[in-house]
Every structure is written in structure tokens, then in C-alpha cells.
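Got some structures for you, see below.
Two complexes come next, and they have one chain in common, chain A, joined by chain B in the first and chain C in the second.
What follows is the complex of A and B.
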């Protein structure tokens, strides 16, 4: 058991909600703001959706198909509308409504915090930051499956940063930990949970990760400094289909492309931006038809260097949060854990040779 | 400025693509304000000698087709191939893998000598094609994008990435999660991933991304439980002219 994390939870004030109270709490939240929570999608998948009815909310889910990114950087959005005859343009209003995200896993919020960094630094990105205003996040614990590995990148299941409340399941309901003032206010206003004495001990269930990276995460940038020419990249590219799923689902991928679409009146139109990714053909295609990252091996190499080296160097955090989406949904069954562990093997081999 | 002269021609096909254009109802009148449609067999009977833009549907399958398409190319400034048959040979090209004499006998019986035919080819195998609108039937938004771009003198932007990109952007449940197989990871986007959106696998009607990893695709299909022969058949259904390396796989 990871003592430290449960210790940090134990210091927090908490209340107990049974399942009915929890759904009642979601109703209560819906009266105050738009509520977004995980719901069932299709036969075997989940997605974050705006909630109409608290019964739709799923508490125990491995991961949603898309991360929270879609609420702040939509897959497709109009940047402005234009009129070529009047030589004018207008930007659509971006509403900033109160939104509460319920049932969020720690790696998910960590992904969003990393996106915040990218959109705040340098030239602040108005559309994203506007949508980020007035948002609250309520965390929930999860049981890692065959693809989660967030502990290996330094993100514990109970990492509380960014949450106002944190839900830990018990047999009969949830312990609701009050993380900050905003969370405290919500629980007090709701006023229904059973008070729990802080000395009372609960048998919190220990959760283990089934997969992990062989090295401590603080060594990964060093590994990546030494594996640019590894044969591993070539090996992966034999299976890789270049489909871009790994980019499109990653909580910390934010690349987009823009395109002008003109209406049939040949006068009005709009400039749209839509998600793009470094695994895709046109991404590194430049004028004259040159593609400076043509082989799939160089694209995967770039994608992983973004996660474990380039952005990690500039932002101070790894940009992979261990959600496992890129591997779980890769149609070629390429697993990022295997890639990293193979790279580590390569690096360890190099170190040995240096010693000899 | 006079309106560009636009013509539509069809070769071996089901003419579904042309019908798809007629289905544009709402946009049709606006299109007619921008261009002069001078030839369109499904809709009118009028002829001109030169075209600014020729849209060609269907595959090339007879010696007469070859002559006609050369003639059209000579008279057209820009030639656009419409739909899977014109772009990749489409379903028609499946017959190339069968003995030609046998195919003719099945189709025409005793009259087979009256109908000379050649192996089915996409338009680009015979003449230069400037732009392609993929799909079976062709995708109407892509058709409109190309038409508008050409009228305005802009270069159309056609995606060369997988259906998965559109599928993930709409956050569909991946059909692989429900135990199906899917050609979306190697098929060219542009249809809005309509099949997976409706719970069906992508059968590759739009042809493949330009950098298809054929071995990788076969490996994926094997993982999904398809035999090698079945996998090759699936991959070639709409695209035998694109995956020539799979010729002769039994």
C-alpha cells in the first residue's frame, strides 16, 4: 500500500455519502452549474458527457474514450467568420459558464493541468483559457487496468491537486474528502452527508498497478537523451499504421490545423481549426511537398520525445500522464509501456558498454 | 467574368455518385449560379466542346472507354475523378482477379464477342487526374469543397489521414471494442467515419492513406481473427488497383 497517499487523505475532513445521496448530490450540483461526468458509451466504452439525469453517471469506469480536453479545445471550432466582399470578420462568442466535472481520475486532471501550461505560457490562448474559467473538478478513485501506469510517471491514484472534493469508494457508498474551500462550501450547502469523525479508521482498499515502467520517472528524460538512434523506433514502425489514434486520444496532445471553408455564395466563410497529430501525413508536410518527418519511425520517436523529453525539459513535468489510452486503443496493439521499457533496455545496454 | 463550364461524365459505374450530386438539392441552385453545367447525362442533354472542369465517374473497362477518356482529357482544363470506381477502380476492378473469358461468359453468355473489354482501371491509369473525390458513393462535402475551391482558384485541401482521426474526433466507440475488425486505421478520411458512427466497421471504400503499411494492416487483421486470404480480400474489395503488391495472394 502506498502509505503516503492515504496519509494525505486521512488528514482531510470527510463525510460519507451512500450511493443515493451521491446521485442526489449530482442533482444538487446540476442546479448550480452544468455538470459533466462519465457515462456509458456504446457497448464497452465510456465518455464524459453533460449530465441530464444523475442516474446516467457511472462511478466505476476504467477510462473515457476522450480525455477532458474536448471541453476546452473542441475537436473542431470556428475561429472567425469572414466576408470577402465587405472585407470583414467576426469572432464567435465563447461562453464561460459554470461547469463542474464530477468523477474525474487523477491522471485526467493532471493531463488538463499540463495543457493549461501550454496554453498559458508564451502567447496565452484566449479560447482555451476562456473555457477554463469557472470550472470545478471532483475527483474519484479508480482501479488500474492493464493499461494504466500513472504511478510510473509520478501520478498516484489519490493525487489531489486541482480537485475540490475527492470520492473514495467503500462497500456501501463513498468517503467524500474535502480538499479545499470550494469543496467544503458545496458539501455544507448540500448538507446531507453523514459527518465522519477524523479518528475513525477506514479500511481503504489498496490498489496496485498491473503494468509499470522499469525506471523511476525522474530518470526518463535521461533515457530519452540517449535513445534517439535506437533500433526500437524502427521495430515499432513495422506494426504502426500511422492512424493517429494515439495523438487524438492523448490528454496532452494539443496540435491543430486550420482551414478556410467558403460558402457557396463565394463571399462568406469561416476559418476553422481542428485536431491534428504528429503521426499524420500532412503534419510535417511543408510547401514544395517536402515531408520532414516522413517515416513512421521518426513520427513515433517525435511523439514520445514530446511526452518524455522536449516538453518535460521546458515545463518540468513529464507530459505523459499514464492514462493508457494510446495503447488500449491502438489498432495495431502497440503499447507505450513496452516501447519505454525497450528503450530503457537499450539505454541500460549502452551504459554497460560504457563501463566496459 | 464568365462562369466556368463544368461537365460530368460517367464510365463503368452504378451512377450512384451522380445521383449523390443530384441529392445536393439545397446547394444545387447556388451551384448553378456559379457554374455553367454543360454536360450531365443524368440531368440534361446538352453538349459543349471545352470544359473548365470535367468530373469523371466510373472506371475504365473497355477500349471505347479509353478513347472517350482521352477525348475528355483533351477538352478539359481540370479533370476530377469522382468516387471509388474512378479513383481506385472500385468494386468493378474485382473482376480483374478472375479469368477474363470466364467473366465475359458469365455476364454476356453467347454474346460475349460483341462486348470487347479490358482489365478494369482507375481513370488515373489512363490519363492525368488533377483531383480526386473518394468514396462509394463519393463524399458530397468533399465534392463541394473541391468545386468551391476550383471556382475560387484555390487549391483544394484533401485529407490524407485515416478514418480513425474522424472517428476519434467524434468520440465514437471503436468497433474493435465490440469484437469487429475495421479498415478505418488505413482508410482515407473524408466521410466523417459514417460507418463506425453507426456501429459498423469501415470497409475501406475511400481507398487507403498514401503511406499504407500493408504488412501492418495484414497483421492487424490477423489479430482480429481474419485468415490471410480473407484479410487480403477485405483489403482489396474497393482498392485492387491500389494494393498491387497483394496481386496473386491465394
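What follows is the complex of A and C.
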């Protein structure tokens, strides 16, 4: 399995870093740019943070709580500051600083690449794209846990797209695969680490990634086209709390709302953009009182149709990257894998009826 | 750092143009008509059926349909019902006050689909406001259209908009104007009943009649059924759908109907397309 990515990985140039060299490398990166990497947050939770010290970086982690989107689409952001008396406004500068993201999983970067599509197409959005300038991504391999299913949505562990370097852990350190010129430059400048011959043999073992979705990912848009009236939506809505946690944690959810905040002087203030979620009841509510997506079942259906149908049709890729966050952190313990499999069951049932 | 990087061109997506209110007219207890001028005599260059995002600093921003025709230069007009925070703020503004404008947004009506045909306007309540941009356009270029039929319904006589225009429409022999109210009051002389009661009596050349419908969500289903029984082909029917078009540029997600961003593909839709959108009506 994993033939393509795994084979292409084997063909790349690589060096070996032991753990100390790896931390030295992070230190080297920190001299050149701001470095963002997974750090320990709680007992069993991790978070992408700006690092001060290479020792903070965690190499082996299942997933961070938040995806990378917060670095490009901040949870709250000032669009402009205004003055009501003068009817004037001024936009804050968005600085484009050099940033290197270290220790990123493939599904994570795939999520970000999908966001890129949404902010580039139609009317390109400066705020997001400006923050995307001058960023490098260094990937790392991971061991899938019960919640991951990125393989089932077409994203292999070793998917290299977007990375400049890719770290594969060995017992004593990392094989560092050089993916592109930027990565090569970094490794050459760093100048440490043992170069490794391509025909040398390593214990490069493919990780076990159980297939969790019953259909091939290519068929999922077709499934979603046929399950709009499925009873599954109603079943989920009996458990769902409509809290929007899945929206907040999803790497490809980017809907937002805009609100004015005014200071106590009643003159100055700011127009802020902040994350919103289609699972929240007020999302499609208009001022006259009409709510165009009121039932919880229709909100769940909309959210998942966006991931597996609407955006998939327009962008060409599924907009679920299989990170498993929405399921792992769902307070109602709703598992997206179960939903998809139930929908597939429904779809397969329809097909059978047609055949009879 | 030498990297391949995304090059970003700065385009103002979210910043408004500060514009001036040149006139305010009270239409009803809840609706006011604002005439607005962009700075430096600039034209809005809109199409009938498009909308703008109106903002007042401190109150926020909301989408409002343009109710004047693009032939009516150099200003544009908005009919605003006081329903939320921003519209309440707008109702306090006077001539000479300023507000922010972004847009125009959306597709607007395809006027070519109406030219050379009989034109039927069906307006329910405040739906007359967005439709008026097309009605005024049609009347300004009267020769390019055949019959002009306006059907208008409101809940009660107090909610009737554009009374002066209506008087003119009633007297103009080139316009067939029909009106009804759901509930009459003591002084009401005209028709009583929902808007669909006016449609069966119309004498229409169905294949050659283009219809523009705008009204509250509940109205569409019934109006469409009435039009169907008049044998109007679906592809002759255009409607403008209300949604929460927060950003106007296809990003924020609030106005989405299934896969469609209303602010990009709408708010005006041809009926056969609406039929393919489960959530639309």
C-alpha cells in the first residue's frame, strides 16, 4: 500500500539527524525565522506555538488541538479601526514575517492548502494571503491513532506536497528527506547531519493505517449527492448539541462574522472579524427573524456537504482531511467516521433497491 | 529566506467608501428611503437587483438592495426597513450624514431576458424595493419592453411603499397595475386577499411573459404555483432570494444555499436553477 508516496520518499535525498542535531537544527531555524512547532499543552494535548526554546518541541504527537488556520485566519482580527465622529478609518498593517512551521503532519498541511484555495479563488483575500507569504513547512511522520482517518480520505502519512523537508523518525533520530530547493538550502546552510546514500538500506517501515471508511474516497461526493434526505441527519441531530466545536477545530472551516466594537468614549472603535460556525443556530439568521437553516439536522447536513460535496466539487479535493479532531473533541461523542459509513450504508441500500 | 512565495496584491475587500446621504424620505412607520451619493460624483454602476453593504461605524454592516434604477443618476436609493441594529442606526440618520458603502454586489436581473417581452412584476411587501430598481429601469426604457404588469401585495394598507409612484403607475395607461392587501382597514377601497388571488385573473401571453418575483420566503411557493397554472415556463421566472450576505465577496459563508453563495451567484436566480437547490425555497 502507500506505494506512490512511500516510493517517492525513498527516492529523495536524505540526511540523518540524531535527536540532539534535530534540536540544534530547530535552534538554527529560530535564528532565521519565527519557528512554530507542536508543544505540550496539557497532560495529553498539544498545540502549535511560537517556540522560544528547541526543547519545547514535541516530535511524537497524535494531533494538536487547533489546526494551523489560527496563524493565517486569526480567531479575532481587526479589519480596521474607526472614528465615528470623523467617519474615518485606518487599517492595521499585516506584517509578513518569515515563519517556519516545524513538525507538521501531512493532513494538517493539506487542510491549509485547501484554505489557500478558498482565499485565493474569486476575490483573493489580502489578510489571509499576506500571512501566507514567507512560510515554510517541515513535515514529520506520525502514528495514526483511533481518530485519524486521513488515509481514508486520500491523504497518506507521507504526502509531501507543500513541505520543504520531511522528518521520518528512526530509533536513534530522524531521516530528513529533502523535498525541494528551500529544504535543500536549509540543510546545506545548517551543514550538520550525516549524508546518506540512496542505496543504503534502512528500517523504513510503513505505518499501519487501517482503512476506516467503507468506500474509496473518490466515491464520497457521489454518496453525498444521494443522501440529502437520509434519516442519518435526523439521527445525528438527536445527539448533537449544536455547539460548533467541530467548526472551530476543523482545519478547513473558515466561515466568519464581522462585528463593530466601540470604546467607552463612543467615538473610536474597531471592525472585527471573528470565527463563526455553520453549526451555530444563528448562522443563517437574518435581521427580519427568518432563519434559513434552523433545524440542527440541516446544519449538520450543510457542514458535511461542504466537506464532501460542495467544496469538493468546486475545488477538486475532499475538504475533510481526516484529522479526527471533530470526533475526538465532540462533547456529544459523535464520530464523523460513523456518520460517513452510515451514509454509505444508506446509499448502498438505495442502489440495491434500484437493482431489485 | 529564499522561498517560493505567494505574491499578494492588496485589494480592498472589506473597507467601505464613505458616502453621503443626500435625502431621506419616510415611506411608512418602519421604512425610510435614503438617497445616497458616492464621493467625488462617482457612479455606483449597478444593475437592477444588485445590493450594497451599508455600514455605520459602531453599528456594523448589512446588505441592502438597491431600489433605484441605474438609469436614475448620479445617486442611488435604498429602502430600509427598521429590523436590526444597523437599520435602526440608519433610521436616525439625516440628510448630510455619512455612511459606508461597499459594492455593488451580486448578479442582478438579466435585463436581456425581459427585453422584447411582456414583463410581469410580482412584489410582496418589502420585495417591492429590490424590484423597483427593475421596474424603474423598464419604465425608463419603456419602448424595449412589451406589456408591463405590476402585481403588488402587502399585509395591510399601512405597509404600502412608494405611494407616489403607485399613483403614477395606476394612471399610466402603459402600465397594468394590480394591488391587494391581506387585511383591509376601514378606509381601504381596493382588493383584499393574499397576492396569489391577483394572478388567476391576469390575461397573459405565457410563453412571451418574463416574470420577476420578490417577496418574503413564504410567498414564493404559492406565487410559483399560481404562475405554473398560468402556464408560464419556469425559465421565464426570475426571483431574488433573501439571505444573510455578510461579506458580499463569497468568503464568510453566511449566505450559502447548498453549494451556492447568494452574494456571488445571486441574489437573483432563474427558477429552474432554484429548483435544483434543495434549501432555496
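Some points to look at:
By definition in this document, the second predicted complex is superposed on the first by the 352 of 356 C-alpha atoms of A that agree within 3 Å, B and C clash if a C-alpha of one lies under 4 Å from a C-alpha of the other, contacts with A are read in each partner's own complex, and residues count from 1 in each chain.
In this section, a contact is a pair of C-beta atoms (placed from the backbone, for glycine too) under 8 Å apart; a residue touches a chain by one contact, two chains touch by 3 or more.
Remember, it's a predicted structure, so these values are computed and weren't measured experimentally.
When the shared chain is aligned, chain C comes close enough to touch A:98, but chain B does not. By the document's definition of touching, of the two partners only chain B reaches A:274; chain C does not.
Put chain B and chain C next to each other and count what each touches on chain A; the higher total goes to C. By the touch criterion stated above, A:259 is placed in contact with chain B and with chain C alike. Of the two partner chains, chain C is the only one that A:83 touches; chain B does not reach it. By the touch criterion defined above, A:248 lies against chain B but remains apart from chain C after alignment on the C-alpha atoms of chain A. In the superposition on chain A, the residues of chain A contacting both chain B and chain C are 259, 262, 266.
Chain B makes touch with chain A in their complex at residues 27, 30-31, 34, 144-145, 148, 151-152, 157, 159-162, 164-165, 168-174, 176-178, 182, 184-186, 199, 209-213, 215-217, 219-220, 223. Every residue of chain A that touches chain C in the complex is listed here, in rising order: 32-33, 79-80, 82-84, 87-89, 91, 96, 98, 116, 118-120, 122-126, 129-130, 132-136, 164, 181-182, 185, 228, 254-260, 262, 266, 269, 271, 273, 276, 278, 283-290, 292-293, 298, 302, 305, 309-310, 313-314.
Against chain B, in their complex, chain A makes its touches with residues 41-45, 47, 65-66, 70, 75-76, 237-245, 248-249, 259, 261-262, 264-266, 274-275, 277, 280-282, 294, 296, 329, 331-333.
The residues of chain C lying in touch with chain A in their complex are 1-11, 13-16, 18, 55, 57-62, 81, 83-87, 98, 216-217, 242-244, 246-247, 249-254, 256-259, 264, 278-279.
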